[in-house]
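Notes to accompany the following structure.
First chain written, first letter: the chains are A, B, C and D, and each begins at residue 1.
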Amino acid sequence: MDTNKLPRPDEFRHTMEVQLRFNDIDILGHMNNTRYFSLYDTGKARYFETVHGVEDWRKVEAVIANINCTYVAPIFFGEKISVGTRCLWLGEKSFCLQQILFDDKGQVRSVCETVMVSFDPAAKHSVVLPDHWRDAFTSYETSEIKRR
Amino acid sequence: MDTNKLPRPDEFRHTMEVQLRFNDIDILGHMNNTRYFSLYDTGKARYFETVHGVEDWRKVEAVIANINCTYVAPIFFGEKISVGTRCLWLGEKSFCLQQILFDDKGQVRSVCETVMVSFDPAAKHSVVLPDHWRDAFTSYETSEIKRR
Amino acid sequence: MDTNKLPRPDEFRHTMEVQLRFNDIDILGHMNNTRYFSLYDTGKARYFETVHGVEDWRKVEAVIANINCTYVAPIFFGEKISVGTRCLWLGEKSFCLQQILFDDKGQVRSVCETVMVSFDPAAKHSVVLPDHWRDAFTSYETSEIKRR
Amino acid sequence: MDTNKLPRPDEFRHTMEVQLRFNDIDILGHMNNTRYFSLYDTGKARYFETVHGVEDWRKVEAVIANINCTYVAPIFFGEKISVGTRCLWLGEKSFCLQQILFDDKGQVRSVCETVMVSFDPAAKHSVVLPDHWRDAFTSYETSEIKRR
């Protein structure tokens, strides 16, 4: 991630404020690196609910294959932080969500990209991404979704 | 805790909405018992900031001696939950915070009481609760604070 | 909890070492109060597996009603800490697990008592504790189990 | 990460067993994606203690710039999992730690690469990696460390 070319908050249709917890902060006085993923995970859950209308998480047929997170600047307890989530690209069997954590001045503190793979739990292997997922992403997003 | 005599949300001057995270939910499908304490801890931090104006957590001279938490009804992802925090009693060297988690209909899901002891980190023993703490609680609270 | 009358490690048949994580430690430099419950929860899970042979956590028909935790002395990263778990008492519909966190010198750092209630998930109310649970506790424990 | 070319456990001098916690497991029944980072973080902390003799975490002058984690296969409660940590490359101001989570049959479940940057907390900018860090890595590691 070239930190001179960070995504901007206004490129994300789906954003939500996230609440920091006292025990997100570690001995170093800032948000522990592991806790960013709880915020990103919560952003993903809300994004899926909005875009796909997920009602039962046990039936979501996609698994995380890779998470790539860049730490731009530290986060402190008491700061007002939001998470933005969007679909960055769609592939045949996989897709990528790009997420940012940003403050109330629009400064991006972290960027995260998560590759998820469409998965058949019974057969236990990856499958072609269902059309209704593909349609849901393209109907929702206003920024361009790349194809892979 | 007699669950027929739960504290009511309107008895708490200090309340704030708390945000559930996707990974607060365990394999049983509801909020894991351990995660309640992250919410209560965050409520305490905000309460102290409001009541005492804490600026540096490393200088807070009180330690937790006991936590007693009653689970009234389970909490699910997607629910709108708030935490209320108040000072229940003041002793010579200790005080008790009572907290509740409640939903947007005012139903109490959990009650927690935390006894904290005034502590001298250098001498490593408990000390008499400073007057400015005592005053801060009594100035802030509108419900009665018991004496012990 | 009278900290002059702490339970001793040798009163617990079921003990296991627990592993501290770097992000258990908060800005104050010791284990955050909320993380004790992750250790106790893990101790409970292993205890149930040993005593009852739990295979599917979704089928365990008992819920936590109350947790009461006393903090005796702080815990630091790098310390060798174990958790002990035992059944303290059995009631008609409920039982209590007592747990301790102790170091490699046998010093008790924390004591926790958890009251659990036997529960029928379909009917959504408490039920009489099944005999096979009662028997499992009494067969396993070597220390006395009180009756309530 | 090409999952056909995963690093092997025997390529890591520093390995340690990690303990799963009951609340690492989410509603889907396997280890939540966010919890992998707590295990990796703990592996890093122990690695630094071994390689550099860290005594006070507040004085470690390196910050995390990027974490890239590949999920190869899910992890379940009760499995015996270890983390391996090694220095993969050294740059002028940064270095990369590669880590794996693997089971007791040597199967790799996840691979994670963390780029850290040498940092001057007073000046608040990155600095050339001190020689004592460079030396500590090269003295400890038996596998080749690349240069960047």
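Simple rule for what comes next: a residue touches a chain if its C-beta (ideal position, glycine included) is under 8 Å from a C-beta of that chain, and two chains touch if they have at least 3 such contacts.
None of the values given here were measured: they were computed from a predicted structure.
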* Could you quickly compare C-D and B-C and let me know which has more C-beta contacts? => B-C
* Using each chain's Cα centroid, which is most distant from the centroid of subunit A? -> C
* Structure fact -> Chain centres from averaged Cα atoms put subunit B and subunit C apart, in whole Å, by 23
* With chain centres taken as the means of their Cα atoms, state the distance from subunit C to subunit D in Å. => 32
* Which residues of subunit D are in contact with two or more other chains? -> 22-23, 25, 27, 32, 34, 38, 41, 57, 77
* Structure fact -> Within their complex, subunit D touches subunit C through residues 18-23, 25, 38-39, 41-42, 44-45, 49, 57, 77-78
* Asked: Okay, in this complex, where on subunit B does subunit C touch?
  -> 1, 27-28, 32-34, 37-38, 40-41, 57-58, 63-71, 74
* Structure fact -> Within the complex, subunit D is touched by subunit B residues 22-23, 25-27, 29, 32, 34-35, 77
